[in-house]
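Across the two complexes that follow, chain A remains constant while its partner is chain B and subsequently chain C.
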Partner chain A sequence: MFYREAGDFKKTYSADNQTFPIKIDRVGYYLALVVAFLVIPFVINDYWANAILLPFLIYSIAAIGLNILVGYCGQVSLGTGGFMAVGAYACYKLMTSFPDVNIFFHVLLSGGITGFVCVIFGLPSLRIKGFYLAVATLAAQFFLVWLFNRVPWFYNNSASGQINAPERMVFGVPVTGPNTEAWATYLFCLVFLVLSALIARNLTRGMAGRKWMAIRDMDIAAEIIGVNPLKAKISAFGVSGFFVGISGALFFALYLGAVEVGEAFGITKSFLVLFMIIIGGLGSIFGSFAGAAFLVLLPVVLKVVGVDMLGWPTDIVAHLQLVIVGGLIIMFLILEPHGLAQLWRVAKQKLRLWPFPH
Partner chain B sequence: MSEQLVFAMEVFANGLMSGVLYALVALGFVLIYKASGIFNFAQGVMALFAAMTLVGIQNGQVPFAHLINAIFGTHVHSFGWNISSAFALILTVGVMILLAWAVQRFVFRHLVGQEPIILFMATIGLAYFLEGFADLMWNSEIKTLTFCLPGELCLPQGMNLAIDDAAYNAWGVGFFIDNLDITATLVAIVLVIALVAFSQYTKQGRAMRAVADDHQAALSVGISLNFIWVLVWSLAGFVALVAGIMWGAKSGVQFSLSLIALKALPVLMLGGFTSIPGAIVGGLIIGVGEKMFEYCFGIGQCFGGVINLGGATENWFAYVLALVFLVFRPQGLFGEKIIERV
Partner chain C sequence: MSNDSYVTDDGRTIGPTVMEMKNITLRFGGVKAITDISFDIREGEIRAIIGPNGAGKSSMLNVISGFYVPQEGEVWYKGAKRPPMKPYQVAGQGIARTFQNIALFEGMTVLDNVMTGRLRQMKANLFEQAIWKGKAEREEVENREKVERIIDFLEIQAIRKTPVGRLPYGLKKRVELARALAAEPSILLLDEPMAGMNVEEKEDMSRFILDMNDEFGTTIALIEHDMGVVMDLSDRVVVMDYGKKIGDGTPSEVRNNQDVIDAYLGVAHD
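The block that comes next holds the complex of A and B.
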């Protein structure tokens, strides 16, 4: 009744091509932005920020990045954890080497550096395809983690081998270090998430995105119709690395504060982000959000239900979580290979006809 | 002979032995991949699950004891009996066959005809599921595995004194080889011969190869795909069990056992996904390569220690080697040539 494009006339080309062509979508989008920017910062507390909102925002950025590579360009990568580590260590080196520059630029730059590293590890994708590539990206994962563990230059020769985020201000408000406020870190991450989502969304519906999708669907056919596979694949690796690097930098500097690379950016992180985009939906920006939200919330919900309400030991709940996540992945792949994003699309389609389906 | 040369030889021999163990895991991958085109990431967790089941049955643990206690407030832990290794082995094989059937029935039957990458991700999900399931069933503490067949034939531990003595007499320097590694090598050789014999000389084995060649053609001559897939998963489960026993006896049955699957991946890439000899040769190359690289450059023992990377290169060397290798030969050493058509 309410959700439809009928009567919503477009008068210009750009209006016809906007991201959300249906009015109610547009209103919802602006409403979400208003709530995210103007309401949540006032009601947020430390528990919500650290347990749910910050991981959600940061993982969403990582999921968007990986979704560009896996969902849009079809190049399966298991090296996300390693690339996040690159972002984190780049951010650390920049923060300690250039303390006067605003951290905003440090995060952006570390994204760029990660994109560059990602491109280097993506170069073999021109020769290696499918599973072989997935396994080859594991080389990045293990090599990078080893590198950050073994070369003292990366952690400024600190005795513990950890990296710690020094205190940095944005507009006089500390966003990293021990004295941060929940709303400040939240807003800082949110800005990056919104920027990432905007860039990703517009890249994927433009020429670059169409090239990626052509490569994903069938790379030889794409090559024949004139898509340069070198440029398409490398650009996907670069853009994906950029977002993943930003999320790694934020994960280190704002969320954890101190990082031991093998623990924070191990192979499990790669799988976690991969699961997010499978459950959320491959090839969908909304899916990246949905998947990240789902997998961030699931352990929290399980802990509240299992440990706090039923009083089970934590290790059982942790094992149960593995079972549930694994089972859900299989279930999604069987029932809805396009993930939560497809459910959302179906719901919208139903809503268009509601309440008169005939 | 100089001490250093003997030491290098020792590293080489130990590399060969661990290569055999990698090959053992890789073998399970190849079996499933050839027959069903599924790249089974869960192979390592299957090894873990099999080893845990074996230990659990041997020690008479109550399955899901933790969970039952948590729900009903009881205190059950153990049936209080000890089962002989041989009988436990048979029971575990039964469990692995059941698992193979369940995986086939509830997961992959519904995914027939999906893209390979979807199947791959399903096996990652399966790996997570199985890992949590195994922990729930047999709890996650580190267990020691002692495996004895009737007639006091236990899995040996410690280093082989005979070889050590012989080397000492000949060169004046000791030579360290683990007894367990020698056993594992022998078992792996027997297993490979048995598998090859099975696939060459039995009806089911031939059917398996037919399915591997062409699903539809196999179907049209009356081979049941479902049966073959269950068979293949069972075989892979059995291989996983053997690998689980060997690794479990070596370093205890614990979570890190499932990580050997990750080590088997570069082995597969080197050898090619579809080749059993490839899995073995790849395993040996990786095993020797990473040990020698660690010895030479990781801890800086070769060329006067010019290059010293500070150790632990074993974590990544296999992958980087496979990566570099694949750039020049994308289908691996023995893999089928990749032909692409539009």
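The block that comes next holds the complex of A and C.
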């Protein structure tokens, strides 16, 4: 009743093929864009930006990237943290080596470099599958963190071993460094998120996405009908690495500002992003958003409810968060393997028929 | 190898040889699955491969589609000897197939499954697809039109947006046929297209096979166990038994071949 598609006829195949074929969805999408670009920048403050919005935007990009690899192409990866580190260090080296180039291009290039590294670590996927591939990507995670810790060239020989983002401007407004304002960093990340989501959607609704899903669903049949498994898997690793690299660069340059690789991009980061797409929904762009929002908001909500309202000690709440996330993952894997995205689909189906059950 | 065309009784033109298998031998270790088999497939015909269980029919199809590489023998395709190829390269040459136990992409919709069949015709690269506007969208729409024609033809319009995992067996078989047909293949290989179907579904499937051959001129090579269907559908039949060819010819020739009768009915040992 509230959500209907009756009478919404399509006259062309491109209309049938658009991202939001149903009018009410389309309206909601444009409304969300307007709010995100024209309302939030005026009401944003530092707390909202740093606690919720920036992590949400950046993790969403990482989740989209990982979802392309795991959810669409079916290649399990535990190396996300390491690949985010590649993006971060690539961005750092580019920012310090070419200070005159706009940081927008640095972030894009970092994505490209990470895509390339991801392809190299994806090569074993041609021979190994499933758990074994997961272990191979785990090796990537530990190797990359080790590399950035041990080779001083990557952190410009700084004494602390940390990398610090120097101040860079976009249209005369600082987006990195100590003097940034919340709205500027927010908008910068938002632009990248919107671009990433659009590109990911275009790729997954077209032939590239079909090839990836064919490999995921039945690789032998895919090969027999003409999918080159090498190209399909490698392109999935490349595209996934591109998005993960962008998110790593933004995470370092805009969100943290200073990074110690083992802390910021350790194995826990890999698992965090993987949990996001499992809870959000494998094989769904919307699921990447939902999962990122859920896992970014959960600690904030728990802190507000547990510490501020109920007066519990902080460490208990922090531990409780681990318990809840763990429980939720088991619950989702058993009850709803397609995650929040599927719950949303079911909810829409119910709304379509409301108040009738069938 | 013959290059002359002829017209069948029902008015279809059978062209020259498009594929020829020459002395194919396939071994798995010490087991000979196929022994020294030669036959040809002519353009526009329906060619059946029959034989009792374990005769090597599916192995033969797997050799044609590049899944197995025979130890001896040559595959000639469109007048040239085919070098050893990966299955996806064979598909790229225009040979499509269906499987005995359905091999669809369960997580994708019917439409996406059938569209995947057209990957040979869609050439936009990754960058053009990321932009979408322009070449990628144009290709998508053009190929969608072709795919819709096939969906119409196989009468699966109502389920085009349904995920394949939810469909019953008979419809899945039809979707698989649609996916193979969408590739506009020069040879279509069907591995037991009617296995596990009831009489009605078999009649539907037979009609689709005949219409496909008639309307699109598709060359079809099929494996089937239902003798009635095979004899009615096919122009020529290869009969295999224990990896050897024991008969080759029109259905009536094969039906009166003593070796074939022996293989199917058994021989009296006295």
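Here is the rule we go by: the second predicted complex is superposed on the first by the 353 of 358 C-alpha atoms of A that agree within 3 Å, B and C clash if a C-alpha of one lies under 4 Å from a C-alpha of the other, contacts with A are read in each partner's own complex, and residues count from 1 in each chain.
By our rule, a residue touches a chain if its C-beta (ideal position, glycine included) is under 8 Å from a C-beta of that chain, and two chains touch if they have at least 3 such contacts.
Owing to the predicted nature of the structure, the values given are computational and were not obtained by experimental measurement.
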item: Superposition on chain A - do chain B and chain C clash or fit; value: fit
item: Chain B versus chain C as contact partner of A:V304, first or second or both or neither; value: neither
item: First (chain B), second (chain C), both or neither touched by A:R216; value: second
item: Which superposed partner A:V76 touches (first chain B, second chain C, both, neither); value: first
item: First (chain B), second (chain C), both or neither touched by A:L138; value: first
item: Partner chain(s) touched by A:I224 [first = chain B, second = chain C, both, neither]; value: both
item: Contacts of A:I199 with chain B and chain C, given as first, second, both or neither; value: second
item: Chain C versus chain B, contacts on chain A by residue; value: B
item: Touching partner for A:H319 - first (chain B), second (chain C), both, neither; value: first
item: Which superposed partner A:I120 touches (first chain B, second chain C, both, neither); value: neither
item: Which superposed partner A:V346 touches (first chain B, second chain C, both, neither); value: neither
item: Chain B, chain C and vertex chain A (Cα centres) - angle in steps of 10°; value: 90
item: Nearest-approach distance, in Å, of chain C Cα atoms to those of chain B in the combined model; value: 7
item: Residues of chain A contacting chain B in one complex and chain C in the other; value: 218, 220-221, 224
item: Partner chain A, residues of chain C touching it in the complex; value: 65, 67, 86-88, 91-92, 96-97, 99, 103-108, 112, 115-117, 119-120, 122, 124, 126, 129-132, 136-137, 139-141, 144-145, 148, 179-180, 183
item: Contact footprint of chain A on chain B as seen in their complex; value: 39, 66-67, 70-71, 107, 110-111, 114, 116-118, 120-122, 124-133, 135-136, 139-140, 262, 265-266, 268-269, 273, 309-313, 315-316, 319-320, 322-323, 326-327, 330, 332, 338, 340-342
item: Complex contacts: residues of chain A adjacent to chain C; value: 12-14, 17, 199, 202-203, 206-208, 210-211, 213-214, 216-218, 220-229, 235, 239, 283
item: Parts of chain A lying in touch with chain B, wherever the complex brings them together; value: 74, 76, 124, 127-132, 134-136, 138-139, 141-143, 145-146, 149-150, 218, 220-221, 224, 267, 271, 274-275, 278, 310-313, 315-316, 319-330, 333-334, 337
